[in-house]
Amino acid sequence: MRILLLNPNMTTSMTDQMVEIARGVAGEGVEIVPLTATSGFPYISSRAEAQIAGALVLEMIAEHREGIDAVIIAAFGDPGLVAARELFDLPVVGVAEAAVMTAALLGDRFSVVTFSPHMARWYTDCVEATGLQSRFTGVCCPTTAPKELSSIQTKMRGDLIALTRQATDKDGADVVIIGGAPLAGLAPLIAPQASGILVDPVAAATLQAIALAGLSPSYARRAGRPVAKKSTGLGAPLAALIAGD
Amino acid sequence: MRILLLNPNMTTSMTDQMVEIARGVAGEGVEIVPLTATSGFPYISSRAEAQIAGALVLEMIAEHREGIDAVIIAAFGDPGLVAARELFDLPVVGVAEAAVMTAALLGDRFSVVTFSPHMARWYTDCVEATGLQSRFTGVCCPTTAPKELSSIQTKMRGDLIALTRQATDKDGADVVIIGGAPLAGLAPLIAPQASGILVDPVAAATLQAIALAGLSPSYARRAGRPVAKKSTGLGAPLAALIAGD
Amino acid sequence: MRILLLNPNMTTSMTDQMVEIARGVAGEGVEIVPLTATSGFPYISSRAEAQIAGALVLEMIAEHREGIDAVIIAAFGDPGLVAARELFDLPVVGVAEAAVMTAALLGDRFSVVTFSPHMARWYTDCVEATGLQSRFTGVCCPTTAPKELSSIQTKMRGDLIALTRQATDKDGADVVIIGGAPLAGLAPLIAPQASGILVDPVAAATLQAIALAGLSPSYARRAGRPVAKKSTGLGAPLAALIAGD
Amino acid sequence: MRILLLNPNMTTSMTDQMVEIARGVAGEGVEIVPLTATSGFPYISSRAEAQIAGALVLEMIAEHREGIDAVIIAAFGDPGLVAARELFDLPVVGVAEAAVMTAALLGDRFSVVTFSPHMARWYTDCVEATGLQSRFTGVCCPTTAPKELSSIQTKMRGDLIALTRQATDKDGADVVIIGGAPLAGLAPLIAPQASGILVDPVAAATLQAIALAGLSPSYARRAGRPVAKKSTGLGAPLAALIAGD
Amino acid sequence: MRILLLNPNMTTSMTDQMVEIARGVAGEGVEIVPLTATSGFPYISSRAEAQIAGALVLEMIAEHREGIDAVIIAAFGDPGLVAARELFDLPVVGVAEAAVMTAALLGDRFSVVTFSPHMARWYTDCVEATGLQSRFTGVCCPTTAPKELSSIQTKMRGDLIALTRQATDKDGADVVIIGGAPLAGLAPLIAPQASGILVDPVAAATLQAIALAGLSPSYARRAGRPVAKKSTGLGAPLAALIAGD
Amino acid sequence: MRILLLNPNMTTSMTDQMVEIARGVAGEGVEIVPLTATSGFPYISSRAEAQIAGALVLEMIAEHREGIDAVIIAAFGDPGLVAARELFDLPVVGVAEAAVMTAALLGDRFSVVTFSPHMARWYTDCVEATGLQSRFTGVCCPTTAPKELSSIQTKMRGDLIALTRQATDKDGADVVIIGGAPLAGLAPLIAPQASGILVDPVAAATLQAIALAGLSPSYARRAGRPVAKKSTGLGAPLAALIAGD
């Protein structure tokens, strides 16, 4: 089984880190195929950037889908997720959505703990996009954004552990998603001290991609496929796919 | 006041027709500035196409926003609407959203009448995107899609009038949106026979764009503006805007 | 175009102030026709008072609707709004509802900032009446009510500006409605310091009334019109209308 | 215990019939005090009429509340219910709301069966006003309105029984409210043939009024009481109450 | 009329206290029949315990339903309520659900005040189970759990009164449910000092059980009755009922 | 990895069939451990039966959890699911919930196709329990129940295929869950003819159990664990667990 781990950000060090997490949870016989965006933004952090990156995601999948069993879209806001599901005949998961669904399978209510107040609104939007807001107890985050991101897994560890306790004890969460790319891989490290059942989004997305591929869903007669049509200005693989060639 | 009527489809005849409707409802002193996409698709009819077109919409607004007081995004699914609102310091309306909001201001419950069952799901999605689903009584449409679109305003007139009656009498709608680009401008023509208070989406979007521009909203200290950042592969005006230049 | 600005409160100084705001945003060719209640209450501030005032609103519109293109109901809680829409063949807007709809067209999430905690519950009810609660981030207000209302635009200015910042930074609002009759007209004055895109309810209602009138909605065959019936104790114009005379 | 059965319609024969039902379910020691409107409408059947009648309801309760333990508002749409609860220091129930709440206590999902399609929208609104729409399976009614109302309990009996079966077997209701003034008292008569657990709204409202009065709720320190204020044009008892005299 | 007050907890002193409350609000002619669980748990305080106790509740009703007109399930979380309604041909109410429905009939919005933060999540779940979350303003409770429960009605009285004020003044509740078995019977005692209209759950459940029994609902042709079937390991009365014997 | 496939029904042939499906999708290194109830009901088909069976499920897991990595509860209505998640320190999935979550990861909207109208209400309840009703397009089923269940995979095949088409074309579903124990394993067989992306609930639950176990969630410091307590009448393993021994 081959899973395409597609990073819509242009930062390959992020891809490397996520690939390591994915390979850590994927069983034998699962190959994680990394792919990093070569245009767009170093990192996506707004809706406008996600609109643009989402279009690039479609180009990237169109070009690299040969021999792939499922795709992980691994960036802020699952850019292009709904469009990719409509267009391609294979399972596509986003890290935010997969984290939410996995959390909802592990407990009744879930929270998100993250490193900056700027992420709170975005995670709330991500949960609403799944439809699971009735089981969401909110985002717990520090009141100010950290100055520097590269060392936050170390420096903020105590604060983040305290936030998981707030999520469970004050807000009533059973499960806590540790969200945000700079915190990728932290969940298993703090699990012995943190409160609640922790979920790492990249790990969750990897396992969900494997689960969906394992179902071997038939796309032969799926509904809602867009009608074939000509286009202008798209990359050749995507243009060919949309044209029905 | 200058309103940019941006057609994300590449079909200029559609733009011409919409400009005529817009000019018909805009009062004196309002200039409607037409703009038609030069890449993308002849007409957008899927989520994947809307993802791509939405990115193009951002490029188009970035390039043409000089001297503009408000923007109308005039295509299937309001592509790029949320991203454009986040990025640009002026009011942006989508035809679908504006039709829904206008309908909700004219009566308690509203319906959409359109020409093809393929549009039902899409309009339902559009209404949900606004948050007003509790006031929506559903889509009324024929059971099969018409073979040919250019003459449907004439040939389907009787059927569409019957559908407005179904919307009001069976579903309980007060207001009926006549939706779908091929039906643009039909609402006032069938109003004497049709049931309910009719809304034409392009007319509604034009009037809402004028209303929002008339409020002269101050964007000087608005919240949630994305941080400036470099990008790769974008058109120069959009790249400069995002870079904060 | 003639817009009836109907104040269901008996206080003419409030009417005067609202007329000034309305005229400030209405373009040329729009006449604002003021009308102040001559029975009922000096100012409406409860549901019971709104029940009574709403019945008076119907009497007032019935008596003064000749030559009017749209009506603004300008009091606490949009009294009589739903009933008036059912009864009269012209657009009717309420200031609270119009502010909410306008806010939802300017950004994704909106908040209300007001001057007293006693208003919080009421504004929440107003938002729920529109159906847009999923886009509402709540009311921001001081913890205690001000002693004196006539000078609050001056004395509370700093506090209100701070509340707009709370609405955007803590609650995640994009748009902030400055609500409450004593704050009418304040939004544009504090916009340079306040956070978020500000909406003045009277200005929003005026522009929405103009937009709806500009659509020239046909009421000829609208649905849900009450059957004609005799009544006892109503004013003559309303009784005649209800009797179908 | 004395329960005021207030009919906001001017038709005393309706009052008589409802009093008979109320007395049939009220135990010993409960006195049903009838009161019929002397202004307004012979029967209320629109939102505009309910707006006006709701104001009259406040006048009627203000005048007749001496020695009363709870009030039943017995007309189409529970006119004035929310306002009356805010204003008066005693339990007030509406027949529509009480039927819905009682149905939700008897089973998981409930439906409304009524005699005319014109009532469907209204009952849906009544259910939404309670907040219990997630447990509501909809209205079942004939496709056309009956010509004549006085004999429908006899002539439509078979049709109404069939509609209860549709409510339970097709829509999944456990409980069926037999709604509409012309059907008052029918539920126990058709229970041996009809499907589901049946609820008569007047009986339900009577029993709920007794239950609430039996709780002897203390209104001494209740919240949200409107501030005292002068008024113009109200009846003396209501004006005095609102003035805090 | 005979009402079975079924305590799924094994603690008879709790049963005694609840019977006293029930008898205090039940009128003449109503007999309260107490029944205490003889297996299960001394007190139920988790979902797992409620799952087990709910099965015991079915056994208890099956064994003791002869001559009973309605059943009150009087324990944490209304264990077995939905199952009992499906299985038995008589009204069954739970104390939590009855408190919520009664509160919603007394005012527009309601809150729960209780003695420990551990109960907050549970009460929220109870409200969601009724479907009335849109009228719920949340739980008000101390930040830490009390050490000792037997004397909390005396020692925490001032704190609980302060919490009712928070419920009404800060959260906007009209009605306040005083929840939790150790607080049973407290509501009328603190009503002169507390804020809002208070509801005692056991009193509310008793009055609702009487109201539902007073409706004499016909179960002869109710829908959704499970098909008869053999079972293994159940008590004889329940097994016989399920077998249709 | 060892997955306990727990059948709360007493019918071992059902267990055998489900084990075969589970083993078909589980990769190498996953052991499926079957367990069939020895008390309760031959098959569970009501809420009352699910209440009882859910208690038995807790006993069964308590007795057999040694060396197990995740549990599948494989019966009508996921009996005991929420209670089991609260009580045990390992992932527990229900077939209905897992099917719904998997469907929501494969497409935007999902439907359930099943063999009998009696199942429609139950599946609707299952979807509501997950919180995903906003993405659910309803149940498609024949209008009457089949006489005989053992051969329905063959005899109803054409009808079920037609129902998948109704789910996608009329209701707008992208994904179709083929629900109901007698249809287990049918989804991949009809996929070449059926419409939409099909989901088999047992396969989905197996893959989700593997995914959750693969995450190795830490239960060491999870929240909401019930306090230790003595019990009466429970099986020894469950009693010991609840007593904290």
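Brief remarks follow.
In order of appearance the chains are A, B, C, D, E and F, and numbering begins at 1 in each one.
Criterion: contacts are C-beta pairs under 8 Å (C-beta built on N, C-alpha and C of every residue); 3 or more make two chains touch, one makes a residue touch a chain.
Bear in mind that the values here come from a model prediction, so they are computed numbers and not experimental data.
Across the assembly, the mean Cα position most removed from that of chain B is the one of E. Although chain E and chain F carry the same sequence, what matters here is overlap: shared residue numbers make up over half of all numbers found at their interface.
Superposition of chain D on chain F using C-alpha atoms only gives a rotation of 120 degrees, nearest 5. Matched by residue number, over half of the contacts between the chains of A-B recur in the interface of E-F, chosen from A-F, D-F or E-F.
Averaged C-alpha coordinates give centres for chain B and chain C that are 26 Å from one another. Averaged Cα coordinates give chain A a centre that lies 51 Å from the centre of chain D.
Between the CA-based centres of chain C and chain D the separation comes to 30 Å, rounded to the whole angstrom.
Annotation for chain F: residues touching 2 or more other chains are 82, 121, 134, 169, 172, 224.
Chains touching one another form the pairs A-B, A-C, A-E, A-F, B-C, B-D, B-F, C-D, C-E, D-E, D-F, E-F.
Taken together, the chain A residues at the contact with chain C in this complex read 117, 120-121, 124, 128. Of all residues in chain C, those touching chain D in their complex are 10, 38-42, 45-52, 54-55, 58, 80, 82-84, 86-87, 121, 224, 226-227, 229-234, 242. Contact residues on chain A toward chain F in their complex (touch as defined above): 25, 27-29, 82, 85, 91, 93, 97-98, 101-102, 104-108, 130-135, 168-169, 172-174, 188, 191-200, 203-204, 207-208, 210-212, 214-224.
Partner chain D is touched in their complex by these residues of chain B: 109, 134, 169, 172.
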